[in-house]
Amino acid sequence: MPSSRLEAFSDGVLAIIITIMVLEMKVPEHSAPEFSALKEIWPVFFAYVLSFVYLGIYWNNHHHMLHAVKTVSGPVLWANLHLLFWLSLIPFSTAWLGEAGIAEATTAVYGGVLLMAAIAFVVLQKAIIRNEGPESHLQVAVGKDWKGKASLAMYALAIGLSFVEPMFSIGIYIGVALVWVVPDRRIERVLLSQQE
Amino acid sequence: MPSSRLEAFSDGVLAIIITIMVLEMKVPEHSAPEFSALKEIWPVFFAYVLSFVYLGIYWNNHHHMLHAVKTVSGPVLWANLHLLFWLSLIPFSTAWLGEAGIAEATTAVYGGVLLMAAIAFVVLQKAIIRNEGPESHLQVAVGKDWKGKASLAMYALAIGLSFVEPMFSIGIYIGVALVWVVPDRRIERVLLSQQE
Amino acid sequence: MPSSRLEAFSDGVLAIIITIMVLEMKVPEHSAPEFSALKEIWPVFFAYVLSFVYLGIYWNNHHHMLHAVKTVSGPVLWANLHLLFWLSLIPFSTAWLGEAGIAEATTAVYGGVLLMAAIAFVVLQKAIIRNEGPESHLQVAVGKDWKGKASLAMYALAIGLSFVEPMFSIGIYIGVALVWVVPDRRIERVLLSQQE
Amino acid sequence: MPSSRLEAFSDGVLAIIITIMVLEMKVPEHSAPEFSALKEIWPVFFAYVLSFVYLGIYWNNHHHMLHAVKTVSGPVLWANLHLLFWLSLIPFSTAWLGEAGIAEATTAVYGGVLLMAAIAFVVLQKAIIRNEGPESHLQVAVGKDWKGKASLAMYALAIGLSFVEPMFSIGIYIGVALVWVVPDRRIERVLLSQQE
């Protein structure tokens, strides 16, 4: 079974998730059309930007990962749906963070969704490697995957810290995003060297 | 006419259906940003997970079924739209089940939509087989289709039981989903044997 | 420029239009979870079915039309966006018809959107034929296009009749839809004969 | 890495953005089903048409630009997401303009989003040209890009004018849209000459 339809479906779901978040960003209906009305939606805007970047990272990494894949098995299909499930909760955790504000519960739940999505990504990676065999390009490219493991640890740390000082957690979410915006050069490098 | 555009359109509709359901999951606007606010949306979350799994199953089976198809006729196009119509009602039945709670009407309607979608799937299967001829891969792969027929019977049973005890119906919906998450190995097997 | 990306974008927009209509179908939030609650949404459901069928017809005919197309020009791109614009108003006219009920204004506006979409379809057809030249498959297939012309006339009639008796207009909308659900055999026939 | 998945994802996001704007267009729930109810949504309709045209222009130009591209790098992926981010704010600025009316703040914010999207388009263009090398088709096709630069200047002018007379700004937005609806013949011409 080719991986193209899996990519197309995942792209569709990711495109929708990334776009429906913006529906949360609404200027209060009965406020005057003045710049001051924008102040109220500033936290929603910040949360939107952060989640947009995270979903961009997932799309990017998903793109890289599936690029190295040739065929898709049943477990891979379900591991992919499992990842999409957790990503589909990002609009919810983003809306709560943006509207109710930076607090214990909202920050911890935001991190919880990120943590579950990151775990789902690792599960998908393992399902693909099991399907492709130990000499798969992906296995070589991923290697020890310190960046993935460190991100998991950082999300867990941020969830814990949200009960101490939620702003620390927000700082971690921003930091991890910045680390990932740098694309995964490992996979690019190995794929390029295969083509030579 | 190639089946690729049918797949692309169906993927688009399924991706949107599976994603817009999450828009129902909203923390009450004026509640404090505390974990207790999540308790209220727990039933909505449960209904979302169940319907996400069902839509994943349909995407999966649709993927398998069309994989065995080469050309598409007018009746197949309309049988496919008919299936998408019933699937498009899942966000409605899910929202009602999640928000109004597990009761006679909500549980029966949830099952009714599943039953109609399952019937539409069988109709689509028959339309494809008629188009491809009796020696089509799909016909061989599907065989007597006991799993499809048993699911139909289970949905009908669950609808009936919802008037006795809605929780029984919910149990059946969960059970049928679990049976289907195992991908349809029949089609995979026959297709693989064809390629040898 | 190949027509594949035009198809993909149009499929995306059509898939979203056809699916967001269902968001209008909501059981009143504070009603009891009883079957009687469904009575209130019956008109919305009817309007949804009618518009779902119309959008299915457009997707189908769009599919057939672009299947005969090899390259796409600027005017074709804009004629296609023009068609998508009028189709994107169908969720609005459907919601108004469903929620405010069958009345002069709602029925006439529903027909007005259908009429404009039908005109946009003819414009797109002409733009494609001009681009492909008079011997294009599409020109041969379309011929005198009595069905398209008759539909335009029926929509105009229905708009006029909505000021006399809106139910007549609804009858016409249902009737025209039934005529179109039969796929456009003219195009299929010519394309098949070309391949022989 | 091929550009096809980048196109598919961008198409998905653009299709959703262009379509969810129509969700803002709602007849007030408790108004009578009369034509007079449409008067209230007239400004929302106008804003929808304007933004639909702008998003159509971006889809069109994006289509032309990526048509000249063969491979995609990390910076190109992120420059593309950056463009999609600003475009995703168009439903917000459109809704505000349509609902709160033509005023200083709404008109300036509408122009601000257009300006940022235009800058993001230039950044994406530069990222692609850097990736493809100075002899890339795109570089030749774009040339000095006076139309792009003039648009940037016009958006900036319109933002400034919104504090004097918002209607001037609206006039500029309409004017720039009209200039762009004419497709970018420069790219078409160069690509065609390459194929000869």
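By written order: A, B, C and D. Residues from 1 in each chain.
The criterion applied here is as follows: a contact is a pair of C-beta atoms (placed from the backbone, for glycine too) under 8 Å apart; a residue touches a chain by one contact, two chains touch by 3 or more.
Just so you know, these numbers come straight off a predicted model, no measurement behind them.
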item	value
Chain whose mean Cα position lies farthest from chain A	C
Chain copies touching (chain A, chain B) - same or different residues, decided at half shared	different
C-alpha-based rotation, chain A on chain D, 0 to 180 degrees, nearest 5	90
Inter-centroid spacing, chain B versus chain A (mean Cα positions, whole Å)	26
Computed distance of Cα centres, chain C from chain A, in Å	37
Where chain B touches two or more other chains, by residue	8, 12, 15-16, 20, 23
Chain D residues touching chain A - in the complex, by the definition given at the top	1, 5, 8-9, 12-13, 15-17, 20, 23, 74, 77-78, 81, 84-85, 88-89, 91-92, 95-96, 99-101, 103-106, 108-109
Chain C - residues contacting chain B, complex	7-8, 11-12, 14-16, 18-20, 22-23, 25-27, 29, 31-35, 37-38, 49, 52, 56, 59-60, 63, 67, 181-183, 185, 188
